[in-house]
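Below: one structure in structure tokens.
Chain IDs A, B and C follow the sequence of writing; residue 1 opens each chain.
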Amino acid sequence: MAELLSVRGLRVDFATDRGPAQVLDGINLDIAPGEVVGLVGESGCGKTTLARAILGILPQGAARLRGGEVRFRGTDLLTQDPAVVNEQVRGRAITFIPQDPFTSFSPLFPIGAQIMDLMKWKSPRARGQARPAALFGRYPRARRRADREAVLEILRAVQIPEPARALRRLPHEFSGGQRQRLMIAMALLPEPDLVIADEPTTALDVTIQAQILRLLRELVKARGVSVLFTTHDLGTAHELCDRIVVMYAGQEMEAAPTDAFFGRPAHPYTRRLLDSVPGPDGLIRDIPGEVPSLVAPPPGCRFHPRCDHATAECRVERPAPRALTDGHEVRCHHPVDSPAGGSG
Amino acid sequence: MRLLALALRRLLWFVPTLLGLLVITFVISRVVPADPVALVAGETATPAQIEALRRDLGFDRPLPVQFVDYIARLARGDMGVSLFTRRPILDDLLQRLPATIELTVAAMVVSILIGIPLGVLSALWRNSAFDHALRILTVSGLAIAGFWLGIMLQLLFSMRLGWTPLNGRLPGYPPTHITGLYLVDAALTWDWATFGVALRHLALPAATLAFPALATLVRFTRAGVLDVMQSNFVLYERAMGLPRPLIVWKYILRSALTSTVTQIGLLLGILLAGAVVTEAVFDWPGIGTYAVSSIVLSDYNAIMGFTVWAGAIFIVVNLLVDLAQTLVDPRERAT
Amino acid sequence: MSTVWFVLTRLARDRSALIGLALIALLVLAAVAAPLLATHPDDVFELHPSERLRAPSSTHWLGTDRMGSDVYSRLLFGARITILIGLIAVGASLIIGVPIGLVAGYYHGWVSDALMRVSDIFLAVPQVVLAIAIAQTLGPSLPNVILALSVTYWPWFARVVYAETRAVQKEAFIESTAALGASPWRLTVLHVLPNIASPIIVRSSIGMGFTILTAAALGFLGLGPPPPTPEWGRTIAESREFLPDAWWYAAAPGLAIFLTVMGFNLLGDGLRDVLDPRLRRSPARDG
């Protein structure tokens, strides 16, 4: 199975007042072509950091890459020439949908100008052409027209009314939902292989969240585009994703197709997580204990202090990925076999 | 349409402010402990002569009446007559205004053209040797006494090296009068010889005046750019692999500049304040030297005239800057 | 008290702020110990025309001026003038400006508008220009310079305090406690005062720098204390006709001004860096 994206052993540290925080501790992650993968976890588990590390836009001063590889279509992005990655991968093969549509556009330029700037550099019709100079490079008229047509078409696809007039408007003239649709449009215009969406609906009203997500899924499935979709909401993950990866304190715990994830969770943390979603009886079943500090994290499996099944092994060595069934991997020394409902 | 409403609103603020300034200057001018009339009349004047002069100058009427008269005359454009030269102050000021404008504009252009790019680079290369060197320069720029800088530059470039003339604006005949700005006039009339001479005379005064303005501009631009660099839209543009020069010089700079425009008002304050002493140092025939010579001669009317003028100009320019800011930031237009 | 300690330790880590502090300490030392540090302490008043305009030497470290007086010694005594002007002018501006700002911020009627309008007028014109008008009118002397500077600098303090008072008022708890019967005036003042401490401190330091520069400019223009007072700005003006030969005569006082103002600016910047983000406790307030 040729993976589109293959992350192995990714380690990232963040500098803090109290010393380096080990935000990502050897992450493994696979994304197949055309697959929608949900990256699930509590706040602070590192999912945004992972997304940014794959894109290569970690904050330059504070974050330090400690090791690992990010193989995209076979090539390790971390060892490639950064200029090449910036030009050919970012905004081309891998695009981004940010969390906050309210502040992700420059407030001073009409959205048409911003989208066309993107097209000037990242249009699929520009592949293989000579690089124009950044500020004053020419934008060939024929291509510009073709690009504009593509822009209008996709604006219609994301249901922006009157696309031609919309292009002349400033970002603040659009609602949050509309701006996120614009973001989706911009993510798809370069005809990418992978879209990384970082909690794309967190900043929006609950009522339109589902709408936006369904639209996104429709569009990517139609185009065969893969998506890495981070979220802390299990419900949305369930609805949209083909596979789900759950993270805890900088370590990925389990990766499984959606049905298996919700039906037969193997990792104790996953089980606890699923249990903690309030059921019809209204009881809240918290996971006892607290999320560990990443500056002095627990050795081995980082969930062991809060895990009922922890043994000495768990405290010392981080479990290697173990394949259970088709596409279902878990990193645990004592994965649970029985179906969900028995927390044994 | 909204712009007009905004302009009117700002204008409404302008009038009472100007009035307030006039009150203040008037109060100052009449709070003189020594009798200005006696001073003007001279030591040999008899009391009778002093009284006659007092009536002549209108200083014998009650203060509020004097004030109203003052305002009325100002409205007509009459700023009074210099106590010494006996020429209308307004004429004196107008005659000298182009020189000050040329100096101030030159300084402003220099500080903007050099200051903004330096500020951007300083932010991009944060904490580099370049940034630190620039930091030293900008801190110095605000700590150096303008007049002292001018004198030191004179010492080095005029006296020791002989590269620039010592003072003055132009020896000999000025170019054909179109705007009153020698550089512009010389260029327009293709008189490049005069242009060169005028430029050499302008060089040191403009550099002296520009220095603190440059320092301020670099600082503000740097802070603005650093601030904008944290924005989410910059993160987005980086994530989408837009070329760095595009992100910096189009998007970041534009956002940083909206806050810089407000600084232009501050800049003008610095330039105007500096113009007075700079003109004094370089014998630049503008309204600054007029103020200085009036100080030396104790010409109260002239000083007040200068103060009102400088204040009015400053207020007007701030008004324009406010309007410009609404143009620059399209969000303001919508509110 | 722990806040003070926190501020001091953070400040100690800022190298440029420490340099600023060192420069200020130097100024204070020069001023206070002038009679001890000066090589020719009597030269403030005495003239030695036979020794005029000598270059720097072992007896006269910074040379002599047009009256034959030792430049270095006069410089030290000039430091006293500088500190005096700075402290009193800034102090007076503070004393005038803070209450005005408090009153203007607390009340909402025409009183408040009028006060702020007046302060705007003073801010509308560059300080130098007004100071010149005032100093010229009153005559060149030390008290008049200080007066001119105080009268033109107070709006900066008033503005800062006004903004802070208004911000505190907006916070909901003021209204609710007022409804409970507590005196809103007392509450406002009680909550405003700790919060204005930091901007006032920052502005005072920066204000010292500005004031000293303006005072020197006034001195240069002849509006400062008359001779034989060794005011730095005036000394520079005196030196002009003897350039380029007696360069030390002009360079020394200018350098003194530069180092002094630099000291206050660096300290002010350092204080701003430490105090501003630290004391911004309430997220509801805009910075």
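Everything that follows uses one rule, which is that a residue touches a chain if its C-beta (ideal position, glycine included) is under 8 Å from a C-beta of that chain, and two chains touch if they have at least 3 such contacts.
Source: prediction; values computed, not measured.
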item: Pairwise touch network: line, ring, star, complete, or other; value: line
item: Chain pair, B-C or A-B, that carries the greater number of C-beta contacts; value: B-C
item: Separation of subunit A from subunit C, taking each centre as the mean of its C-alpha atoms, in whole Å; value: 54
item: Computed distance of Cα centres, subunit C from subunit B, in Å; value: 23
item: Geometric centre distance via CA averages, subunit B-subunit A, whole Å; value: 54
item: Multi-partner residues of subunit C (each touching 2 or more other chains); value: none
item: Touching residues (chain side subunit C, partner subunit B) in the complex; value: 16, 117-118, 120-122, 124-130, 132-134, 136-139, 209, 213, 216-217, 220-223, 233, 236, 240, 243-244, 247, 250-251, 253-254, 257-259, 261-262, 265-266, 269
item: Contacting residues of subunit A [partner subunit B, same complex]; value: 52, 55, 57, 85-87, 89-92, 95-96, 98, 100, 103-109, 117-118, 121-122, 134-135, 170, 172, 186
item: Interfacial residue positions of subunit B with respect to subunit A in the complex; value: 231-233, 235-236, 238-246, 249-251, 254-255, 258, 329-331, 334
item: Residues on subunit B engaged by subunit C in the complex (per definition of touch); value: 16-17, 20-21, 24-25, 28-29, 31-34, 135, 139-140, 142-148, 151-152, 154-155, 159-160, 269-270, 272-273, 276-277, 280, 291-292, 294-296, 298, 300, 303-304, 306-307, 310-311, 314-315, 318
